[in-house]
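Per-chain numbering from 1; labels A, B and C assigned in written order.
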Amino acid sequence: MKKTNTFKKALIYIIIGLLSITFILPFIWMLRSSLMELQQIFIMPPQWIPNPVKLENYIHALTIVPFALYFKNTMIILILGMVGTLITSTLSAYSFARLRWKGRDFWFKVILTSMMLPGAVTLIPQFLGWNALGMVGSFVPLIVPAFFGGGAFNIFLLRQFYMSIPLELDEAAIVDGASFFRIYTSIILPLSRSAIIVIAIFSFMFYWNDFMGPLIYLTDESKYTLAIGLQMFQGAYNTRWEELMAASTSIILPCVLIFIIGQKYFLEGITMSGLKG
Amino acid sequence: MKKAFRLISAILMIFIVFNVLLTGCGNNASSMDDKAAASETAQAAASSPEKAQNSEPVKLKFTYWASPDEKKIYDAAAKKYADSTNGRVTIDSQCIPSDYDTKLTAMIAGNNAPDVAMMESATITFPLAEQGKLMNLKQFTDKDSSVNFDTLVPNITYWSDKDNLIGIAPGPEMFLLYYNKDMFQAAGVEPPPSKYSDAWTWDEFVEIAKKLTIDQSGKNATQEGFDPKKIKQYGVNGFTGWWGAWGNFIYGNGGDFVTKDGKFGLSQPEATEALQKIADLVNVYHVHPGPVQLKSMPGSDQALLTKKVAMVLDGQWSNLSIAMAKVNYGVGVLPKLKENTTTMVVCGMFSVFKSTKYPDESWALIKALIDPESTMELNKGGAWMPSLKSYYTEPELIDKWATGTARPEGYKDAAIDMMLNHSITGPTFYVKNYNKIMDIANPALDKVWLGQQSAADAMKAIEEKAQAQVQGRRD
Amino acid sequence: MSGLSGDVISGKQTIRNKKVKSNEQFFGILFALPAILGFLIFVLGPMIASLIYSFTDYSLFNKPTFIGLQNYKDFFSGTDPFFYKSLLVTFYYVLLNVPATIIFSFFIALLLNNEIKGRPLFRAIFYLPSIVPAVASAMIWMWLLNPDLGLVNNILSALHLPTSQWLFAEKSVIPSVVLTGLWTTGGTMVIFLAGLSGIPTVYYEAVEIDGGNSFHKFFNVTLPMVSPTIFFNTIMAIISSFQVFTQAYILTQGGPNNASLFYVFLLWREGFKNTRMGYASALAWILFIIILLLTMLTFRSSNSLVYYEGERKNS
């Protein structure tokens, strides 16, 4: 028994190790390019050690575009957007997964259809709507939709998770006289922590990297976000690859950190705490 | 409960209707406002002398795309103009680094078009002009003493028809044959000529490209036992792929993209002959990388620097990156086919939207943006060429920009003389429905470069489909 | 005595149940209201607008004229030379990509769900390609899959296995795009991980007590317990695969010879490059119907395959 276990473990390590190498390649390529001279980046087959190490790339990349300002703008959109998404998507999904009401399944399916029409054709009508309301140029079109359900993807994902939580928990709570809202806050939310973390990670990535939304709706350069700033490095005549990669590395590092921190809090086996609570 | 449900449904219906109406109205409003704006601008143009004296504050919206370095130069040029008006004019400039067309489309659809915009000929500019959204700049050039057709360098203006000038470029761009001097010296071969009259014939060019194509055992393409599967160094690159590159030779062989009598030009013998000659560089002589090898070929600057190729056909703008890479290089004119050597001009442009309330100030801003002095850093740095003819003819003005590392040996002949005296406009200047035609031609050309089909066969095969998209010429 | 009190209790319960039910209707709608309003305000209007555009010659700059079904006729009759080709290419891609994505990311998630050292780090590594800018990833793929100099072909030929032209031949381009796509399935993997982490450990212990092995654990516990997640990821993979655009655009630009001309790329080209928004809208609605039908079909067939511990059917 023991032997097969160690053998199994070793096999898992080997497979994960080998796959990890291929998966980390693009990141390494970006990182080492960000520290190189332009000439060295495209040598084939790739060279992996920068020589000389050019830290100046970072200094130049981070000063040529007003990144501090763009960071502030990004954070405003990101924090408000995440708050809206997390509150309304968890609440809506709770209703779709665990409450019974007339029209529930109809509305759920209708909301799903919003993912099926290519964004290219709804972009302009959407813009015209915000334009008619006089909101173009502000952060409002970027933030407010998050407070209205936070997107079909999140609602659907949460619904799937909620539906895996044993029903007896709700029923027991109802008998105890708990309100639906109380069930949502004290049973559903704690037991679907993993899924909520996934949504928090995804919505962080979305607002951090969203380029099209800010580009279309913002009209003033002082309101630009990091993602727009990053695009500037891909010039019309030539791309300064070393600076593009330095800027890219700086921008994705927070994402990596958020991810590592976030997924640490995945639930590991829910029942022990769940059924007793 | 039922009542509450009904009430909610009613509210929702109102939302829907409201939404649909809003999106619908946006358009109507915009078309009405356009008319109003159009008549206003007509008046404004008529009464421009008084208007110019007006001291009411003016805010111009200006959109463009740029790298961070270029952005600084545009912003400075715009500011210089704004300062010259003693604060009467302020400029709200917005750099849109990518998806420019999408953003601009949204702005226009939302009835919020900029006053002045940088535009590109192959995308939405002509559709906009055909819908009457762009101002005819001829009214300004006719009267202007400093920017007009006598002072502008040739081939940098875009016309939607014979009398409607829709855009002026901040400068021309054209094509050069870049070469690595060290590689020519090592092979003991004469470098490409830079003078118009000395241009290589195609056969001379192929012979020299062969001598500079070397396999891993050190044999060049003229020698016995040369292995075309293991090429270390190519003689030439940059002829296939983008129409801007091979297009030069369509004209050089007397062909055209769409003929004067309205036929799809690329299937005509003059064009297929030129295309075949280029494909032969890849598949017969092995002196030019094919589509597969090209994917691992870096940009021109790195390819020349790392001695992967000896000669590269590329746009004038590449002087910037090649000089920055510190390549020991020179430039020559393109080899000639049936006709004398030539070069296409390709360039962006600045346009004024008809919806502007301030046509005179918009024109003044364009003048500031295309002024070679305000963009001198780009002109001298290698990316751009000046927009005014005097910078090509008067020695002291030439010296202002055509010297330094980004203006190498041969530049004055191969670039300045060619641009001024032997250049022609590229197809996006005058071919209607250009994108749709090329959507059909490009996939077929893939096969030609891969050597799967002859140019004549490939073009014949799509001739009918392409002809269906031909809608004539603007000139 | 006891019977009487029992009746009283059950009577109380039905009253409570009724109250709960009407309460449930109210709170159900109330809690779902943000999402419903969100759909009606931000999604439905633009959807209807695009449907209306699809019957016009709208270019975004002109006043649209109603042209009936002309746009739809144009592509079904073959006037548009790219419509059927791109539809075929896209279907082929979806057919390969959906199973490949699901199986691969599930496999990785299972591996990473084991008790191993440095698990947070490994999870991050597998998620990395999803957040690295596509241009950087594209560079790596161009190197790995280069037919002459690429690492993959070099390894294959060293092992005396057949090599491929990968992204550069009409036949192999779509499978190659699918292969490169496996790299960016980090999001799907994370969702699987979240699903796996929610499986109560008691179930595994129960299998062990019954003398079951890992095989039994997988088929009797893991698979049914993550079936809602598999279902979710499958639906999302179908929806997103039909709308594939960016990755292929950067890698192949639709080539060679239109072999990777994806539907949404064609649509985008018509809408924004050729300014035919009416026509692009018509294309979009055809895709909408295709995706809708396939999603409905998947929902139907899922009833017997997906196990929900806490499902409440709407009665």
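The rule is short, and it goes like this: contacts are C-beta pairs under 8 Å (C-beta built on N, C-alpha and C of every residue); 3 or more make two chains touch, one makes a residue touch a chain.
Note that this is a predicted model, so its numbers are computed, not measured.
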Self-check item: Most remote chain, CA-based centroid, reference being chain A
Solution: B
Exercise. Please give the pair of chains with the highest number of C-beta contact pairs.
Key: A-C
Quiz item: When the centre of a chain is set as the mean of its C-alpha atoms, what distance in Å lies between chain B and chain C?
Solution: 39
Quiz item: In whole angstrom, what separates the CA-based centres of chain A and chain C?
Solution: 16
Quiz item: How far is the middle of chain A from the middle of chain B, if each middle is the mean of its Cα atoms, in Å?
Solution: 37
Quiz item: Can you list the residues of chain B that touch 2 or more other chains?
Solution: 5, 19, 22-23, 27, 102, 105, 109, 296
Quiz prompt | Junction residues of chain C - those touching two or more other chains | solution = 25-26, 29, 33, 36-37, 41, 45-46, 49, 60, 143, 149, 272
Quiz item: Going by the touch rule set out above, which residues of chain A reach two or more other chains?
Solution: 44, 102, 124-125, 128-129, 234
Self-check item: Residues of chain B touching chain A in the complex
Solution: 5, 19, 22-23, 25-27, 65-71, 92-99, 102-103, 105-106, 109-112, 296, 298-299, 301-302, 305-306, 317-318, 320-321, 324-325, 383
Quiz item: Which residues of chain A touch chain C in their complex?
Solution: 9, 12-13, 15-16, 19-20, 22-27, 29-30, 33, 44-46, 88-89, 91-92, 94-105, 107, 109-118, 120-122, 124-126, 128-129, 145, 147-150, 152-153, 155-157, 160-167, 169-170, 174, 180-181, 184, 191-192, 194-195, 197-198, 201-202, 205, 209, 230, 234, 244-245, 248, 252, 255-256, 259-260, 263-264, 266-272, 274
Exercise. Using the touch rule from the top, collect the residues of chain B that touch chain C in their complex.
Key: 1, 4-5, 8, 12, 15-16, 19-20, 22-24, 27-28, 31, 101-102, 105, 108-109, 123-124, 127-128, 131, 133, 291-293, 295-296, 435-436, 439-440, 442-444, 446-447, 450, 465
Quiz prompt | chain B-facing residues of chain C, complex | solution = 22, 25-26, 29, 33, 36-37, 40-41, 44-46, 48-49, 52, 59-64, 81-82, 142-143, 146-150, 165, 167-168, 254-258, 261, 269, 272-275
Quiz item: Along chain C, where are the residues that touch chain A in the complex?
Solution: 20-21, 23-39, 41-43, 45-47, 49-50, 53, 60, 108, 111-112, 114, 116, 120-129, 131-133, 135-137, 139-140, 143, 149, 151, 183, 187, 190-191, 193-195, 197-202, 225, 228-229, 231-232, 235-236, 239, 243, 264, 267-268, 271-272, 277, 280-281, 284-285, 287-288, 291-292, 295, 299, 308-312, 314-315
